[in-house]
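Before anything else, here is the set of structures, which you'll find just below.
Consider the two complexes below, in which chain A is the common component and chain B and chain C are the respective partners.
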Partner chain A sequence: MFGTFSLLFVAALVSLALHRTKWLKPVALVAIFGSIFLTYSGSHIGLAGFENSEAIRLFTLILEIVLLAVILHEEEDQTLTQTLFIATASVALLQSHTLLTFIVSFEAVSIISFVLVSHIRTAAQAEGAVKMFIAGSIATGILLLGAVLYLIGGGRLGAPIAVETTALSTTGLFVMLLGLFYKLTIVPMHGWAADSYALVRHSHAAILTGVAKTVVAVAMFRFFAPFLAEHLSLSVPVMVTLAVVTMTLGNYLALFQKRIARILAYSSIAHAGYILLAFAALKSGYASTGLLYMAIAYIFMQTAVFLLLDILRKRYGIETLEALKGLAKKNGLLAFFFTVQLFSLAGIPLLAGFMGKAVVFYAAVDAGLWAAVLIALLNSALSVGYYAWIVKHLYFDEAQGPASQSNDKLPIVSQLILLAGTLTFGIFASLVFSVGNAF
Partner chain B sequence: MSPLFFIFGPMVLAALVALYGKKRDTIVKFVSLALFVWMLIYALELLAILPDSGYLDLGSYLAVKDFGFELTLQVDHLSVVMLILTSVLLILVALSSWTMKRTSTYFALLILFAGPITGVFMSTDLLWFFIFWELTLVPMYFLVGIWGAEGRIYAAVKFFLYTHVASMLILLAFFLVYKETGTMNMTLVRESMLASPVLIWWLLFIGFSVKMPIFPFHTWLPDAHVQAPAPISVLLAGVLLKMGAYAMIRMVVLMLPGQSAHFAWVILALGLITLFYAGFMALYETHLKKMVAYSSISHMGLVTVAIATLSYSGLSAALFEMIGHALIISPLFLIAGFLHHRTGSWQMGDMGGLMQKAPYLSAIFVLAGLAALGLPGTIGFVGELTILIAAIKSYGFWLILIALGSMIGAGYIIWTFRRVIYGEISQTVRKSDFRMDHVEFAALVIFAVLIVFFGLFPSTLFDVINAAFAPIAAQGGL
Partner chain C sequence: MTTLVLVLLILPIIGALIAFTSGLKKNALAFWTAEVTGTLLFLITLILLVDYKDPIDIPMRWFEFGSFSIPFGIYIDKLSLVMLLIATGLGLLDIHFAHDYMGEDPHQPRYYAKVLFFIGGMILLVSAKDMVGLFVGWEFMGLASYLLISFWHQQKDPADAGVSAFLFTRFGDIFLFAAIGLLFYLTGTLDMVKLNELSQAGKLDEEMMFVIAVFIFIAAIGKSGQFPLFPWLMRAMEGPTTVSALIHGATMVNSGIYIVARLFDFYAAAEALMVVATVGALSAFIGATSALVQRELKKVLAYSTMSHLSIAFVGLGVGSLAAGMTHLVNHAIFKALLFLGVGAVIMSAHHVKDMWRLGGLGKKLTWVALFMGMGVLSLSGIPPFSGFFSKDAVIAEAILNPGSAGLIATLVTIAGLLSMAYIGRLWLLTFAGEPRDKGLFGKVTRPSAFWIVLPLGIMAVMTLLMGFFQEHIAEMVSNGPFEEPHVAGLFFGLMSGIVLLALIIYYYYVKRPDLTEKIAAQPLIKTIHSILFNGYYIEKMIFWFAHNVIIESFAKTSHWVDQHIIDAAVNGMIGLSQRITHIFGYTHSGRVGDNSGAMTLGLLLLLAAMLTGGAV
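The block that comes next holds the complex of A and B.
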C-alpha cells in the first residue's frame, strides 16, 4: 500500500537530505505529481480512523494542484520541504474520521505551520511568527480543553463525534470549535491573523491563509457538521452571529489599510465569515456543496494573490498601494493575473469566487437565513471597494519613479495553474455539484 | 452559428486582442467592427426565424444537476430587438472611437463587453442572467477609469460599487425565487406560486431601478456619464440603461405580473418624479454633458411611466422609446464629448456660435436635440406620443402631465441651442478647431439618419416591437 500520504511523507523526509542540492525541487515536483495521480486514481490512507469520500478526494486533488503551483513558485529549500510536510499532514487531516486522528493531524498541520514561519530573516517576520505561535498555542490549549470536556462527558476518542451528546460533552465540542476558530480567524479570535499574514514572508502567508486555513475549514466541516446539524437551535445563532461579525469587521478594516498584504489579510478574515455561513446553513442540503465550493474557490485565489505579492516584493519591492501605481504599464501580465484573482475574491462572475459565494449564500437562503445573506451580500459589495481600489492603482494611475527590477524569471506556470483553477471552477459548476453532498 | 460563440467568443477574442493587438491598431479596429457587424447579422437572422409568439430555443448548456443552474438560451421578440439595438450601437460606438488612444486595449474591452451583453439578452436562467449582468460592469469599469475625463477614478469606482450593491439585491431575489419555486428558469417562474412575492418584487424593483436609473437611485449616472469618454457614454446610455429597462420589463412586469399590478402606482409615481426631477436638473445645469445626462435620465423616467401602465400599448411604447432614447441621446453625448475635447470646457457659457464654425456638427446636434424634445418627424415624437396615449388610456386624463415634462424638455434643449449653437461666437469657439475624423462623423450621420427614418416610418419598428408583447394583447392584459 503506497498511497498519497506515504508518498508525500517519504518525499518530505527525503527532501530534508537534499537541501542545497539541485535535486530538491525535482523531487518535490515528482512527489506532488505522483500524489496528484494517486489521488486521482482513488488512493486513501487506509488506516483505522481515516476515511475518504468523493468530496474529500476532489478537494485533496485541488489541494495538491495548488501545492504544485506553490512548489513551482518557490525557490527556497526550507519552504519546499515544509510544503511537502504540510501536504502530508493536510491529506491526513482531511481524511481523519475519529477524534484522535483529527486532533493529531490538526496539531501536525499547526506545528508545521510554525516551522514554516520560523524561517525568519527580519524583525517584522519575527513579530509575525511569534504572534502566530502564541495564538496557535492558545488555540491548541482550548482545543484540548474542549476535547477533554467532551471525553469526560462521555465522548470516545477512537470514534467520530457523537451526535447524541450530554450537556458536558456538548460544551466540550463548542469549546473545541472555539479553538479551531483561531485557525479559521473568526472574530474575536482573529487578532493575530492580520499581523501574522501581513508580516511573514508572502509565500509563507500564501500557504497559511490559502492552503492551511482552507484545509482546516473543510476538515472541520466534515468532522463537526453531523453534530452541529443535530443541535441547530444552538449552533445556528452562534454561527450566524460569528459569521456576520467576522465578515463585516474584516471588510470594514480592510478598507483602511495601506499595505497590500494587510488588505488581503483582512480580506482573508472576511472570507472566513463567508465560509462560516456554510456552518450556519446546515439545515439546507446545499451547505456541504457550498462549503466545498467556497473552499475550492478560496484556495485558488487566496494562494494566487499572496504568491503574486511575493513576486511583486521580490521583483519591484512593492509593499504598499502607493508603490503599486501604474504596474499595468510596467508588467501587464502580472497586473492581469492580479486583477483576475482580486475580482475572483470580490465575487465577480465567471470566476470561482463568485460561484463559491453564490452557493454558500444560496445554502443560507435555503436554510431560511435570508437576512444574514443580505448582510453577507452587502459585505461582498463593500469589499469591491478595496479590491477595485487595488485594481485602480494597477491600471488607472501613472507609475511613479523608475522601477527597480530584478531579472529572475517570472513563475508564470505557477500563476497559470491557479488562474486556470479560478476560471474552471467559475464556469463548470457541475464539477463540484457532482460530489458536493458526498462529504 | 452557435449562440455560445457570440457569448464566450468575444471574451476569448478580447484576450487575444489584448495580447497580440499592440501596434496593430487598424487590424484591431476592423476585427472588432467585423465582430459587431456579425452580431447584427446574427440578430437579424434570429428575427427572421422567430416564431410569432413564444420563445425560440437556442439550446441549454453547462447543466448543473440539483441546482437549477443551466445556461438556457431562449430568445423572443423583446430580446432580439435588444440584441439588434445593442449590435447597432456597438458598431456606431466602434466607429466613433476610431481615434481613441491606446487603441488595442480599448477595443479589447469593447469586445469583452459584447460577450456578456449578448448573454444578458439571451439567457433565461436567472443565475446566468445575473452572471452576464454583473460581467458587463468589468469592461465598463476600465473603460471609464482609464479613458475618462478628470474625475474618472471617482466616477468609475462609484459606478462599480453603486451598481454592484444593487446587483446584490437582485441576486438575493433570485435566490428567494429559486428557493420557493425550485426553478431558475424565468419562463417557469411566472407560472409558479411564490410565497414571498412582495419581498422579491421590491428587491428586484430596487435592483433594476439603479440601472435604469429611477429617482432616487440615479446619482451614479451623472458622474459616470460625464466622466466617461463620449463613446462609452453612448454605451452606458444606449445599452446599459436599456439593460435595466429590459430587466424591469422582463423580470418585474412579466415575471411577477400580480405584484407589479399591485405596486404599479409606485412605478408610476417614481417614473413621474424621475421625469420631472431630471428635467428640472437639466434645466438648471450649465455643464453641457451633465445636461445631456439629466436629459437622458428624464427620458428614462418617461420609459418608466410607460412600463407602469402594464398594458400592451404601454410596454410597446416603452420599448419604442428605449430605442428612440438610445438613438437620440447618443449623438448628443458624442458631440458634447467632442466639444469638450476641442474647447477644453464643459460649460455652455464658454461656448456659443458653434453654428458659424462647425455647421454640420451643429445641424446634427440640433436635429438630435429637437428629437429629444419630441419634434414631429423624428423618432422622439412617436415615442412620446405613444407613451402619452398609453398612459392616459391606463390612468386617466390627468397624465396629460407628461406633456408638461416634454415642455420642460423643450425648455432646456432650446436654451442649450441658444447658448451653444447660436448666438455670438465666443472666444473659446473661435480659437478651437472643430475638424472631425471622417469615420467618427460618419457615425453621427448614421444616428441622424436613423432618427429621421424611424420618425417618418415608425411602423417598421412597431411591427417587430408589437410582436414582443403580442401575448399580452392576446390575453387582454398581464
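The block that comes next holds the complex of A and C.
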C-alpha cells in the first residue's frame, strides 16, 4: 500500500543522501506534488490505528500545499529534509486513531521540531532552541503522566479515547491535554513560545507556529472532541478560562513589542486562544467546522508572515519595526503580501482569517458562550492595533536604505501560493463547510 | 452547457491575469491575450445563443452555513443573452480597436487586464440570478470603470475624474446594498426571477416594495449617469476613448437600465415605473440640451449617452419593456460606433478634441466619416437605421400611456428631436466645411484599415441591418410578442422636425458660421449657453451642498465627536493597556526556570480544579 505517508517517508529518507547536491529540492518538490495527488485521490495510511476522514483529507491537502510553499521558499538542505519528515509525522498524527499512535506521532512531530531548530548558528538561535527543548521535555513528562493515569484508570492503549471514563482516567485525560497544550502554546504552557518563535530562524518559526501548531490543534480536536463533548460540565469552564486568558495575554503582550517577530509570536499565542474557543464550543454543531476553518486560515497566514520575515531578514536585514519603515516604497510586492496576510490575521472580511474567526465565534455563541465571545471580539479589536501598526510602518513612513525592487522567484511563488490560499478560503467558504462535520 | 457558462464567467479573469503577467515581458502579448480571450468569449456567447432553448438556470450557493445561506445562482434567458452579446461583441471590437489606439502606450498590460476584468464583471452582472451575484458584478464594473477612467493617473484630470466617478456611483451603490439588505430581510429571497413572480402574485408589501424599487433605481441613476448623478459621466471622458466607448457609452452605463428591466414586473407591481419615467424624461431633456453646446467631441457623446439612456429608461417607465430595451440595444451599437469613430478622429488629429479646431476631415478620413455618418443617422432616428424604430416606439408608448402623455412625452420628444441637432452639429463641424486649423489639417494621418476602420464598418453595418430585425430584438428582450405602438401623425411630425433641424444646423454651422458667432454673442443666449455648457450647474450644486451641508456641518460635528469623545477614550485606553502589558510582562521573564515553574503550577492548578470540581 503506497500512500501519502510512505511516499513522504521514503522521500525524507532519500533526501538525507542528497544533501549538498542539486537534486534535493527537485526530489522534495516531486514528493510533495505526489503526496498532494495521492491525498486528493484519498489515500490512507493502511496501518492499524490510523483512520482517515473527509475533513482530515481536506486539511492534509492544505497542509501539503503549505509545505510545498515552504519547500519552494527554503534553500537549506537540513530544513528541507526536516520539512519532509515533519510532513510525514503530521500525516500520521492527523490520521491517528488510537492512544498509542497518537502519542507516538505527536512525539514524532515534537522531536522533529527539536531537530529542526537544532541547526544552530547564533547564540540567539541556541537560546530559542534550548528553551523550546526544555519546555518540550516537561510537556512530554506531563503528557505521559496523563497517559499513565488514564491507562491505570481503565483506558486502553490500542483504542480511541473512551467516552465513558472513571474519575482517574478523566483526570488523566485532562492532564494529557495540558501536556499537549505545550505545542498549542496555551497559557500556562506558553512561556517558551514567544522567545523561541522570535529567536530561531524565521523559516523554522514558520514551520513551528504555522504548520506544527495547526496540525496538533486539528489532531487534538479530532482525538479528544468526543470525550470533551461528553464531559461538558468540566471541559467548558476549563477551556473557556484557558482560551480567554491565552488570547488576552497574547494580545496585550504583542501590543508594545519592537521586534516584528516578537509581535507575531505573541499574536500566535493569541490565536491559540481563538482556536481553543472551538474546543469550548463543542455543544454547538458548528464547533468542528469552526476549528477546521480556523486551522486552515491560520496555517496559510501564519506560515506566510514568518516566511516573509525570513525574506526580509535575508534581503534587507529587517528585524525591527523601525527598520521596516517605508518597505512599500522599497519593495511594493513584499509589502503587499505582508499587508494582506496581516489583515487576514486581524480578521478583515473576504480574507480567510475573518471567516475562521467568524465561524468559531458563531459556534461559541451557538453553544451559549456569550461572555467569552464578547471578550474574544474585544481582543480581536485590540489586535488590529498592532497589525495596523505594522502596516502603518510599511506604507506611511519614509524609507531608509537603498531601494531594491528585484526579488528571487521561488520565494515569490511560495508567497503567491499562500496568498491564493488566504483569498480562496476568504471567499469560497463552502469548501470548508461541506466537510466541516465529517471529522 | 453549464460548463460553457462557467467558462464564460471565469475566462475573463484568467485572461486578465495572463494579459497582465505576459504583457510585462512584451506589450504585444497583452494585446493578443486580450484579443484571443475576447474572441473566445464572443464565440461562447454565440454558441449559447444558437443552442438556446430554455433559460439556463444553475442554482449555486456562495455558502451555506446552518440556516444561513447566500445564494449565487446563474440564470441566462434571452434578455441576458442580448446583454451578453453586447458586452462580449462590443468588447471584442473595442479590444481590436485598441491595438492602434493604445499602441503607443507603455502600460498596455495594465490596460488590457483592466478591460478584461471589466468584461468579466459585466458578464457576471447580466448572468446573475440572485442580487448577490448582480451586486458583485456591479461592483467589479465600478472598480474597473474607476481604474480605467484614471488610467493615465499620472495626470491630474484623469485621476480626479476617476475619483469623481467612484464617489458618484458609490453614492448610488449604497442604496443598492440597502435594497438588497431590505429584500433579504423582508422576503428572504434574493432570486430576481422569484421576486418578479412574488410581486406579480401580490405577496409582497406594496409600500416596502416601492421603497426598495426606488433605492435600486437610485443606484441605477448613479451607474447610468442620470439626473442628478450624471456629472461623473462627463468627467469620465478623461479616460482613453476606447474605454469611453465600451464602458461609458455601450455597456456599463446600460447596467442601470438592465437592473430595472430584470426586475420589470417588480417595478410594475411596486408602481415605481412612473418615478423611472419622470427622472428619465428630465435627464433626456438635460442631456440633449447640454449636448447642443459642447465644444469637445467626447463631451457631446457623453451628454448624448445620458440623453439616450434616459429615453430607454422612459421606455421602461411608461410600461414597455420591449421599447426601452430595444432602444438600449440599438443605442449600444451606434454609440460604440460613434465613440470609436471619434476615437479614430482624435487619433488622426493628434489628440485634438475641440471640434472648432477640426473641420473638413471628410476629405482625409472618408471611411470614418461615412461610417460615423451612418451612426449619426441611426442616433438621429432616420429610417431604416435601427435607432429610428426604437426611439419612435418609446415616444409612441409615452404618448399612449395616459400617465405620461403630458410632460414626459413632451420632454422625450424634444430630446429625441434634438439628437439630430447635436449629433449633426458634431459630424458637420468635424467632417464638413473647410478645415479651420490648417496647420493641424496638414498633419492629420490616415488610420489603419484593419485595426481602426474595420470595427467601425462592422458596427455601421450592424446598426443598419438591425433596423430590419427590430421585431425580433423586441421579442427577445421582452420574452414575449411585440406589437408596435402606433400614434397617428407621429412619424410625419418627427421626420419633418428632424429634417427641419438638419437644415437649420447645416445652414448655421456650414454655410454661415459667422452668424452663429454673432448669435452666440447675445447676452441672453450667452447665459443660456453657459448654463447648458456646464450641465445646468448640477455638479456645482452638488459640490456646494456637499461642501456646505455635509462637510462644514455634519462632517465637522462628527470630527469633533471623534476627536474629543471616541479618540479621547481610545487614547485613555493606551495608558491602561500599557499598565496591563506591564503586569503581564512580569510573568514573562524569559527565564527557563520561570517557564517550567509556570507549567508545573498549571498542572497543580488543573489537578486542584479537578478535585474541587468533583471529577475525582
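Here are some notes:
As a convention for this text, the second predicted complex is superposed on the first by the 429 of 439 C-alpha atoms of A that agree within 3 Å, B and C clash if a C-alpha of one lies under 4 Å from a C-alpha of the other, contacts with A are read in each partner's own complex, and residues count from 1 in each chain.
Assume contacts are C-beta pairs under 8 Å (C-beta built on N, C-alpha and C of every residue); 3 or more make two chains touch, one makes a residue touch a chain.
Note that the structure is predicted; figures quoted are calculated from it, not measured.
When the two complexes are overlaid on chain A, chain B and chain C occupy overlapping space and clash.
Of the two partner chains, chain C is the only one touched by A:M189; chain B is not.
Of the two partner chains placed around the shared chain by superposition, chain B and chain C are both touched by A:A429.
Shared-chain residue A:Y286: touches chain B and chain C both.
By the document's definition of touching, of the two partners only chain C reaches A:A139; chain B does not.
In the superposition on chain A, no contact is made by A:S6 with either chain B or chain C. In the superposed pair of complexes, A:S118 makes contact with neither chain B nor chain C.
When the two structures are aligned on the shared chain, A:Q78 is found in touch with neither chain B nor chain C.
Once chain A of one complex is fitted onto chain A of the other, the partner contacts of A:S53 are absent, as it touches neither chain B nor chain C. After the shared chain A is superposed, the part of chain B among 131-139, 257-265 or 293-301 that runs into chain C is 293-301, by C-alpha clashes. Overlap of the chain B and chain C contact sets on chain A: residues 286, 289, 359, 362, 366, 428-430, 433.
On chain B, the positions that touch chain A within their shared complex are 62-67, 69, 127, 130-132, 134-135, 137-138, 141-142, 145-146, 152-153, 156-157, 160-161, 164-165, 167-169, 171-172, 175-176, 178-179. The part of chain C that touches chain A in the complex is made up of residues 61-66, 577-578, 580-581, 584-585, 587-588, 590, 592, 594-596, 598-603, 605-607, 609-610, 613, 615-616. Residues of chain A touching chain C in their complex: 130-131, 134-135, 138-139, 142, 167-168, 170-171, 174-175, 178, 182, 187-189, 191-192, 194-195, 231, 234, 237-238, 249, 252-253, 255-256, 285-286, 289, 359, 362, 366, 382, 428-430, 433. For chain A in complex with chain B, the residues that touch the partner chain are 286, 289, 343, 348-350, 354, 358-359, 361-362, 365-366, 370, 373-374, 377-378, 380-381, 384-385, 388-389, 391-392, 395-396, 427-430, 433-434, 437.
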